[in-house]
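You will see chain A twice below: alongside chain B first, and alongside chain C after that.
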Partner chain A sequence: MTTTSAAVRRRRAATAGFHLGAGTLALLWLLPIGLVLVTSLRSFDDIAANGLGSWPHSFTLDNFRQAWVDGGQRRALINSLLVTIPAVLVTLALASMAAFALSRYELPFRRSLLLLMLGGNLLPPQILLVPVSKLSELMGLHDTLTALIGVQIGFGVGFYVFVLHGFMRAIPAEIQQAAVVDGAGPWQIFWRIILPLTRPALAALSALSFTWVFNDLLWAITVLRSDTKMPITAALIGLQGQYVSMWNVIAAGSVIAAAPTVAVFLRFQRHFVAGLNLGAVK
Partner chain B sequence: MAVLTPTKSTSPAPSPPGGGRRRGAARRTPPLVLAFVMVPLLAEALWVFWPALQGFYLALTDWDGVSPPTFVGLDNFREMAGDDTFRSATWHTVLWLVLFGGLSALLGLATALLFQQERRGIGFYRAALFLPVVFSLVATALVWQAIYQPDGVLNQVLEAVGLGSLRHAWLADQDTALYAVIVPALWRQIGYVMVLYLAGLKGIDPALYEAAKVDGASAWQRFRHVTLPQLRSVNAVVLSVIVIDSLRSFDVVWSLTRGGPYHSSELLSTYMYSTAFQSLRLGYGSALAVVIFVLAFGVICSYLVRAFREAD
Partner chain C sequence: MTHHQPSRRRFLAGLGAAGAAALLSGCVTSGSSGKSSSGGAVTLQSNLSAPQAKAAMEDLVAAYGKKGEVRLNTVAAETFRTQLPTYLTSANPPDVYTWYPGSVADAYARKNLLLDLGEVWASPELRGYSKALNTLCTASSGKKVFVPTTYYWWGMFYRKSNFAKWGVNEPKSWDEFLDLCDKLRSKGVTPVGLGAGGNTAWVASAWFDYLNIRVNGAAYHRDLLAGRHRFDDPEVRKVFDRWQEVLPYFDPDGTAVAFQDASTSMLNGRSAMMLIGTFFADAAPKDALDDIDFFRFPVVDPKVPLAEEAPTDGYFAGARTGRRDEVIDLMRFLGTAEAQEIYIKGSSGTVLPCHPDAKDAGTPLVLKGRRHVEEAAEITQFFNRDSSDALQPTADNALTRFIAEPKSIGSILTTWQRDAEKIWNA
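Showing the complex of A and B:
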């Protein structure tokens, strides 16, 4: 009796200790996010009078209007979506095709091809910056969103091929053989059998690549020049220069820039975790 | 997994008799399958492989981007030997690798171990740590820039707890700028590494822990002799991710300090960018990019090879 109640008490204390520690850690992690949210709602006069780090005194939503309209965030967000959505869709379509071919058919040099494609993605982008900027000029694409979409696809595809290859390889060969016996061609096998089975991985990778492409800064400032074409990340740096030390507007801009990826994360959180788990188990 | 099990039970009957013939049919590659590989490969060749080759050539030239590049052999690399900014940027990059990379791996693993067990509230804790991962580094940088301001929260907190003497213009001081830039980068990276490790921990067979427990292994021994060896492939993934991310780190430094003050937070990546696109010394910038590539090359290769050996 006494030993079991002591054990129960000890377990309760351990649980409480865990939640105390984990809760503190989580709050600490969320603190900067809370701070930027609060700052984005404070009025400029409040910050000027009481200091950036002070307790807030007066609130306004006007900061968001300033960042959105005067700061050009609206156009920048549209640019970002115009780049991100096609880039993600095309990259994943191309990557699943290549992964299908490399994992389900005995192509010559298939391992070397896979290695080559992944290797391209692992290159430090710095080695590509100067040539890519010149290449886009040469193709008449300099300072266009098309160039940015192109380089995002070309640079990203290798990684997705690698992940999807690992995923598709785990699908038993018997499924494909049965389909071949039934007279299915490669397109039907790809579209009707392999791709549906790959859905969890594709969902996870879409969420991941959306955030990666959307959050990119380096490629954007390499191939784009005009302020009107810049995506939201580059525009945010512009905002920082335009509204020097107007932290209320800069904070509002940061919130706007982060909102789409947070929305994607919250909506697809389960896909993130499920996909990563499936990938790790192999 | 649940999808795959039922199909297995139907396969044994038809597979043995015609197996050889069918495998022979698969060996003749249909043209569509070839196209499936070629189109993505060409896209990558256009935007990655061809530019990469040019990048290596440009490292051997002197080029202002307007007149044609002139070949100068290894002059750019000779110039680096006497370039103080290059030397300090290299040192900062190494520091970045050790601090940013090492701490994100250690703390990522630690938080994964802390949050590995499914229990009440665990989803919230994991989400809280992972949330910064979805922010762009630019947004992350601006959030922390506000915190670091002379009248910002960090200095206010220091004041409040009686450490007012430590008040600082964190980003404007040459001694603290680099570390002040690493913290936001870590804040964002730890959650990412944690998720990788959580997935790895989930993949460990619980029977191994049971067996170790029966054998009387302590918690530390179970970690040392069961968890760590079982995480080997995840470790390889994490390490390559970290090295590659460290050498690529650019956005957060660029948004916070542009590498300053006086190059005190300069990394090779930011030095390369400003050399090439602001000083318009495209040849020397390309040579700096080659140095970054060389630093990354060994690590990438060794982990690629390991990953592929394990994959087969």
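Showing the complex of A and C:
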């Protein structure tokens, strides 16, 4: 009797401890986001007078207008979407075709090709900044969005091929053999059999690559120079002054900049989790 | 299956050839466009990304718009700093850049990256500029490479109402300054705010600069930063002996918070004063601006000629520009009193114009600042501007360490000298 009640009590304590611990962790994790949201609603004079960490003494939505209009975030957001959407679509199209060929056919050197792509991903991108900048200049593409799209595709494709290859390899060979028996060519097999089966992985990857390309700053400032062509990340650091930064406007700009990626993640999150699981349990 | 092989190989070869051809043709076109791009709008690459300064630049460009065409390109200050060498060496570069004169500009001039602006300096607009500005904008080769437009000053800033409340006055000499600190501490106020935390560690260099030009003089200071003296010399040691006298009065959070937060503390009366440049006023609430005042960094040795830090800002042009005549014309405009007044009116107004006839913002603070700089026998810029951006981190490391452990100053200076040598010899 006493032993079972002690066990129950222990289990209850453990549950309470777990919830308390996890809750605290979640709060800690949400704290910076909350701080950004609160800051984005305060006036600059309030922050200058009371400091960034104090309780808010003011409420204004003007920061969003300032970031959107004066800070040029509207234009920057359009630029970001102009880069991100084509880059994601083209990268996934190229990567899925390459992964299909590499995983479903006995191509010569396919192992070396895959290793090469993996090797390319292990390389820190920083060492390629100068070559990329010079090359884009040489090709007359410097300071164009095309150059940025090209760079994003080039650096994305290796990793996506690697992931999709692993995924497609797991699809049973019998499905493809049945299609061949029915008279399907490689293109039909790819389009009507393999690609639909890869959908979870594609959805997960597109959500991931959307975030990566959208949040990229390094390549944007490497190949772009005009403020009218800069994507949202570059516009966001543009809100920082040389000496003094208006943290309220920057916070409002960050909220604007984060909105599209959050929307994409909410839209794809079901696929995203499913994609991760499917990749893990082959 | 084998008959596919050759065709694929040929296809790949064709693809490679096409790619190479595209690359080569890119070469050719970019090579030719580098020379033939004269005409069209002059690009003015600006790092003044703060909303107010950016708006002032837009006013300036609009005012010039009646005479010629300029495309203003505002890039984040941090991006600008890291990308500037790339801009200057690229095949089709922007034409005019906001930047600093002195050794920073000279470093680019020595690599032949800057346009000779002798013609601009010979024009009537710039004839009245002071001799000090003349020297500052001349590269070591003797060529003029820079057009100065505005400058600001550094000083010990405080709130008038707070000083009145605590019943204290501006000190003149070093001893008076130490007395003031002592008195403030007895009232429970942190006497000296710093703000060398966050990513503004460079603010601590102002203390080093000022103590050095007060103890050893501006000439020694410049020589030291140029590598003609050593950081482990006894003269430098004397600077830190003085610093140690005042260090106990420093804000203990000095190296933890950025200067923007430190100035908030000062405005709220948690700390009493702060050695800072006028740009900090941009971070002050509007209603506090009239209450801000400053005093000269106290004189340590009256025999040393009075020097002040007054960093100058302005423009230089890339040597690879394809629009030389238009650039010269724009530079002449930027050097006029009219252009500088337009900028000062649009910006926060705590900067002073370089043109002797240009009107400043006219506030009591600015008038006092102008007198403050005019009384100085010598002008220094700032640590990084008098040396290089590469030397600044060595100072940041050394000074942050000194503030944390002032006892080990000997080894700190040895390390500083070793780190600085790597940069001077690079």
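Here, the second predicted complex is superposed on the first by the 273 of 282 C-alpha atoms of A that agree within 3 Å, B and C clash if a C-alpha of one lies under 4 Å from a C-alpha of the other, contacts with A are read in each partner's own complex, and residues count from 1 in each chain.
Following the convention adopted for this analysis, a contact is a pair of C-beta atoms (placed from the backbone, for glycine too) under 8 Å apart; a residue touches a chain by one contact, two chains touch by 3 or more.
Just so we're clear, the structure is a prediction, and the values are computed from it rather than from any experiment.
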Given the superposition on chain A, are chain B and chain C in a clash or a fit? clash
Once chain A of both complexes is superposed, is A:241 in touch with chain B (first), chain C (second), both, or neither? second
Partner chain in contact with A:172 - chain B first, chain C second, else both or neither: first
Thinking of the overlay built on chain A, is A:225 touched by chain B (first), by chain C (second), by both, or by neither? second
Tell me the contact category for A:52 with respect to chain B and chain C: first, second, both or neither. both
Which partner does A:41 reach: the first (chain B), the second (chain C), both, or neither? neither
Just checking: does A:257 make contact with chain B only, chain C only, both, or neither of them? Give me first, second, both or neither. first
In the superposed model, which partner reaches more residues of chain A, chain B or chain C? B
Quick check for you: in the superposed arrangement, does A:249 touch first (chain B), second (chain C), both or neither? second
Between the stretches 96-104, 132-140, 168-176 or 240-248, which region of chain B is in steric conflict with chain C after the superposition? 168-176
Residue by residue on chain A, keep only those touching chain B in one complex and chain C in the other, then list them. 51-52, 133, 221, 234, 237, 240
Of chain A, residues touching chain B in the complex: 15, 18-19, 21-23, 25-27, 29-30, 32-33, 35-36, 39, 51-54, 94-95, 97-98, 100-102, 105-107, 111, 113, 115-135, 150-151, 153-155, 157-158, 161, 166, 170-172, 174-175, 177-178, 180-181, 185-187, 190, 197, 211, 214-218, 221-222, 232-234, 236-237, 240, 247, 250-251, 253-254, 257-258, 261-262, 264-265, 269, 272-273, 276-281
Residues of chain C touching chain A in their complex? 22-23, 26-27, 29-30, 33, 45, 47-51, 53, 55, 73-79, 82-83, 86-87, 90-92, 94, 260-261, 264-265, 267-268, 277, 279-280, 282-288
Can you check the complex and tell me which residues of chain B touch chain A? 1, 3-4, 7-8, 10-11, 14-15, 18-19, 22, 25-27, 29-30, 32-34, 36-37, 39-41, 43-44, 46-52, 54-56, 58, 65, 111, 114-115, 119, 121, 124-125, 127-139, 142-147, 149, 151-157, 187, 191, 195-196, 198-200, 202-203, 234, 240, 244, 247-248, 250-251, 254-255, 268-269, 272-273, 276-277, 282, 285-286, 288-290, 292-293, 296, 300, 304, 308, 311
Residues of chain A touching chain C in the complex: 44-46, 48-52, 66, 70-71, 133, 137-142, 221, 225-227, 230, 234, 237-246, 249
